[in-house]
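Reading through the structure tokens given below for one structure.
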Amino acid sequence: MVTIIPEIIRESITNLVKNGERSDGRAFYEYRGISLETGVIEKAEGSARVKIGNTQIMIGTKPQIGEPFPDTPNVGVLMTNSELLPMAAPDFEPGPPDERSVELSRVTDRCIREAGVVDLDKLVIIEGEKVWMIFLDLHVLDYDGNLIDAAVLGSIAALINTKIPETRIEDGEIIVDHEKMISLPVKEKALMTTFAKIGGELIVDPSLEEEQIMDARISIGIREDGSICAMQKGGANPLTKEEVIMAISKSQEITKELREHLPKN
Amino acid sequence: MVTIIPEIIRESITNLVKNGERSDGRAFYEYRGISLETGVIEKAEGSARVKIGNTQIMIGTKPQIGEPFPDTPNVGVLMTNSELLPMAAPDFEPGPPDERSVELSRVTDRCIREAGVVDLDKLVIIEGEKVWMIFLDLHVLDYDGNLIDAAVLGSIAALINTKIPETRIEDGEIIVDHEKMISLPVKEKALMTTFAKIGGELIVDPSLEEEQIMDARISIGIREDGSICAMQKGGANPLTKEEVIMAISKSQEITKELREHLPKN
Amino acid sequence: MVTIIPEIIRESITNLVKNGERSDGRAFYEYRGISLETGVIEKAEGSARVKIGNTQIMIGTKPQIGEPFPDTPNVGVLMTNSELLPMAAPDFEPGPPDERSVELSRVTDRCIREAGVVDLDKLVIIEGEKVWMIFLDLHVLDYDGNLIDAAVLGSIAALINTKIPETRIEDGEIIVDHEKMISLPVKEKALMTTFAKIGGELIVDPSLEEEQIMDARISIGIREDGSICAMQKGGANPLTKEEVIMAISKSQEITKELREHLPKN
Amino acid sequence: MITIITNNELSTGIETSKRADGRAFDELRPIKIEAGVLKRADGSAYLELGGNKILVAVYGPRELHIRRLMQPNRAVLRCRYNMAPFSVDGRKRPGPDRRSVEISKITSEALSPAVFLEKFPRSTIDVFIEVLEAEGGTRCAGITAASVALADAGVPMRDIIVSCAAGKADGQVVLDLSETEDKEGEADMPIAIMPRTGEITLLQSDGHLTSEEFEKALDLAINGCKKISEEQKKAILSRYG
Amino acid sequence: MITIITNNELSTGIETSKRADGRAFDELRPIKIEAGVLKRADGSAYLELGGNKILVAVYGPRELHIRRLMQPNRAVLRCRYNMAPFSVDGRKRPGPDRRSVEISKITSEALSPAVFLEKFPRSTIDVFIEVLEAEGGTRCAGITAASVALADAGVPMRDIIVSCAAGKADGQVVLDLSETEDKEGEADMPIAIMPRTGEITLLQSDGHLTSEEFEKALDLAINGCKKISEEQKKAILSRYG
Amino acid sequence: MITIITNNELSTGIETSKRADGRAFDELRPIKIEAGVLKRADGSAYLELGGNKILVAVYGPRELHIRRLMQPNRAVLRCRYNMAPFSVDGRKRPGPDRRSVEISKITSEALSPAVFLEKFPRSTIDVFIEVLEAEGGTRCAGITAASVALADAGVPMRDIIVSCAAGKADGQVVLDLSETEDKEGEADMPIAIMPRTGEITLLQSDGHLTSEEFEKALDLAINGCKKISEEQKKAILSRYG
């Protein structure tokens, strides 16, 4: 569905930014209020409900025993899936994931995978034969802008919250012991920050209104040591090299603050 | 497809009912003519062609050896599927089953399953490993109202008609002996009757015309001992408690008569 | 998408044919220029790029080890698939194969299968358990008429070009030796020729323009010994018996010439 | 072979008169309803009933783009019942299945009688029910929450539909079956009613009931509905009161 | 491992000159056609040919809602060939597969030449062919039955298309192959003709035929078509005569 | 159990300073671009980059039939990135997967800034990218070829977008990763730029890079883009010059 933004709104938001202001009063590098709860779904082995402003995602994890991929026989599997539920916005429609939903899950997945968030080596049950597959499902409940940062923040929290049953081999048989639940081995807490380019300026955590009129978008994934694990540009207008470098540098600062919201593991 | 019924037809049928009459001359609790043939498809292990008035359904069964569901390792499997063929009505369209088709197969399935029509315990070949799966396929050929009652009546007949090969285990191998065909263990003949609410009255076996203008619908599944095994309300208007109780009581009488149409097993 | 051909074009092409001519100057039984290269895709175990006039198809083969069909446990499997890519014509649309695409792959498949092109007996690895499955994928790049003849010619070339790894059994294990690649056992080079009926005449290798206005189409598959292995009529008008017999007789001549384009095996 | 050692907390609690989870035969599970919990939706509600967690959003009345669904003289009420992949033991594959298609249909029929659909010809009212966590009785919980979300959206209604199940478990006719009672019990009968008139807008039954048991279960379910109806009103009031 | 003991009645009947089922080389299987067997459809027909049981319904000419299929100067004739899940040994999964898509296409092309499509611009005529039981030669049986259903629907036609196969089995060119002959035989060649002119509207061939065998098979199939054509006329007459 | 003996030609070539395939850190694979290679398409291009073989067709600007995609004030640029089943080791199943859906989206965003979309309201420009053979870096190769195909189609553009990746492999920041370097390396960063202004229209990154490595990689990729840009111009000129 095409959403037409009146030119007057575009101009008004752009002019504000040019004057160093945002329509909701935030500073350029200021996030909206963040709320993060974990363990909210008892039937999920791990879960988190994250809110950034009014944007709200419920995330749950489910472990399953399965076979490793043939080319990586000695590591477990992480599968990230997202649904932009029709409940979350008037223009989201039921049906198989569209390109926005696919991009969201793939960017989240890359950030987590490339940063080495989960120690997949420890998810092997029998080498080359049986491993834990962790399904990470993102259920987008309310869409008010900046899904990517919410998705990564909530996913890391849900993974930290995840407990899987201990397994052992007895007489060639796998024993899955639900009485001994162990934490998922999370060894890195990479996070992403997203910037919108409006009126030639970069602002962090764009609201829906800002997303609708932005020229471009850049999301940066930063590991705890400040290195870059993922990037994704979006939007139909270009960015300069300087803007990208500035976004990275700001991300390195901001992710430190964001990380404070995460539970301890 | 939305079918618009002229207001004049609605009024005419409703007024008839209010005067104790139906447009085809039937009494309120009278079925249209019923015809039921079994064994009509030689390649099906069981089959029945059922007609209630002009409504016509062909039903076939197919046994397959498969694995039991993990949570019920010691019983066989019954799978009910229905297709509202585009041949059966001008507004039925090709494609995956729509909600009417799904409701038809699920209500039929529940009535058969919950009444214990087939003795699923006897369909086990090797406990926890191999069982018979009986596919029950409903092919709706002509739609002139009241599919549910026709579906259940025809399904019970097709199940009674079904013969599956004897199996035995020799040297750890399953022998499927098509020379010794045995009847499917049918131990209960539950049937359903459907009532339409029109002009404040309940009438049984609604024709298409009556279905199109009815306020609500209630289908009751009754076992041979008179107990209730399934119910399904339909339609966009409510029923009173008294109407439901009356429908149950009438069903208990009418299913006895309906059951006379079934073949002996 | 419905393509409307102006009546004037229809008449002009038809009148030409009635005068013994074709719009591109060819004789009735003359093909457009044919180009055929093999081994063009290094990652494919076999490949061919075929052009007949501007019609262009890329064909690749992929072997996989799989299980034989239960009713033919001692032969390998050949799977033919085609995609009329949206790049190939303005009215081809992305999505699952439509009826034209299905017809193309099924006619190609039948010609190859019924003529016994590939010696499927030699593709067995372990009788009844493991066989080679050869996937033959037709990627239609540019559609300017007569896909069937191009598809069959290119497929035979790709099959001749195909090399699969040698297999042997050691200690009950299948060894797939990519260091020893052997040619696919191609034992017959059947080809198809397609005729369009226009103005009461048969012409071979119809161009797109001719296809769009033709009355009917007939494709004949001929083996090296001149016998018929496949036929497929198309189009919404009839053919006479005499026309069909004439088409067969011409096909027997023309396929001999076409066969010269094939690489040696 | 894989052996699974479960940690089944409920399995030791079965006693004589009381139910496995300690409730009386006519006792509901703890319930909590909140209206207006989402920003973008026109109306929304969140409901917890025992271990069930249900979120509902309502959009509309709004323009209906799909012509063949359009009704010239009234709005259509479309419902989509959906379970989150993480809402159950094991993972539910995303997307509709036959169960959710049927529940969506009967949910729409259960809610329609209360809505003044005739006020909005050629329109749609869309109800999205998300089961975030399931513990038996999600279809009733979804209908109950959907009514609150419709009210929150300001959709004009004759009444606030309310839904609840009764059934038979351990030989006893009981109200509001838990997941275990539903799975192991003899019958489950979800209903929905218009609380003002007591008229029934949803009725299904699954399992084995005599006529007497049916009447007892129906009365129990109607009583349960009335209790839940009070919670619905509180939720709406605390949002707008 | 599963071993299957079959009860193959036909396997003992193979003799020298006669065919496995006792027919002469130019003999059709028993055939029965009935027109007007369905209430809702505009036209319908039921056909049995040997073990084949085919039901066809026709709707139209009627309005075509899908714009990109619409023809400004004539009707489109849409066919849907479908096999019931119980129509074959083993269960056929519901829904179209590649075989049924191709048969639907060539069936439409086989029937179109006989129908005055130009009388109904921007319309559709829908032909639904249901194979209730299959025993070899269902596509021909479907076309034959569809023609009768079109006539029953009152669709104006130049001729009643008729279809039949010939082929080669056990080294012999034969008419109307049974399922066994089709599976084990050397070639199968289904055709359809306009009986008045003898023109060919369907022609496919599968298998190995010399030019001489082809001509023999073609003549055989044309003769078969003519016999079946008589049965079609009888069915139409007995409905309307 | 199946054991596979591979015949891996590249595996012996790894040395110290040079890359596995002998290239310098800032060296592109051999590249070849040709414009105007298809008859039916409005514009087309064929590109080889190392072992990659990419074919692109452009249709449009043309009428957009799907209403909900239509933009009242500009054209939409739709891209479809697709891999042939035979383009990779093992067979790729036909049809879109999540990877191709994402690449299609970012390709459209990478190309859009260069096209005067505002000249063609309510229209579509369709770009079909077919990967005939894949050897690492297909998304960049597809964007580079698509620009040439757009030019060949005569679509008015501000600039010819060009795309190239840099990344880190064997501890070294390198240009234009091969398939092996992509799989075994530490990071891959595809970009696309408008060569006239140097502005970035595509930027993704996968893997582990410090800020310094990132800047080095970005400069390397921009330089690579500039070299490829020359090849694009040659291809367009040799078609029209």
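Per-chain numbering from 1; labels A, B, C, D, E and F assigned in written order.
One rule holds for everything that comes next: contacts are C-beta pairs under 8 Å (C-beta built on N, C-alpha and C of every residue); 3 or more make two chains touch, one makes a residue touch a chain.
Keep in mind the model is a prediction, meaning the values are calculated, not measured.
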Q | Chains in simultaneous contact with chain E and chain F | A | C
Q.
Suppose each chain is reduced to the average of its Cα coordinates; what separation in Å results between chain B and chain D?
A. 26
Q) Using mean CA coordinates as chain centres, what's the chain A-chain E distance in Å? A) 57
Q) Per the centroid of Cα atoms for each chain, what is the distance between chain A and chain B, given in Å? A) 48
Q: Compute the distance, rounded to whole Å, between the mean C-alpha positions of chain B and chain E.
A: 31
Q) Which residue numbers or ranges of chain D touch two or more of the other chains? A) 68
Q. Where in chain A do residues touch two or more other chains at once?
A. none
**Q.** Order around the closed ring of chains, commencing at chain A, then chain D
**A.** A, D, B, E, C, F
Q) Tell me, which parts of chain F touch chain A in their complex? A) 68-72, 98-99, 101-102, 104-106, 109, 112-113, 187, 189, 193-194, 197-211, 214-215, 218, 222
Q) Which part of chain F faces chain C closely enough to touch in the complex? A) 1-7, 38-41, 44, 51, 53, 55-57, 59, 62, 80, 82, 84-91, 94-96, 126, 128, 130, 132-135
**Q.** chain E-touching residues of chain C, taken from the complex the two chains share
**A.** 1-2, 4, 97, 99-100, 102-103, 105-106, 110, 114-115, 218, 223, 226-241, 244-245, 248-249, 252
Q) Which residues, counting only chain B, touch chain E once they are in their complex? A) 41-44, 47, 54, 56, 58, 60-62, 64-65, 81, 83, 85-90, 94, 96, 135, 137, 139, 141-144, 165, 172-179
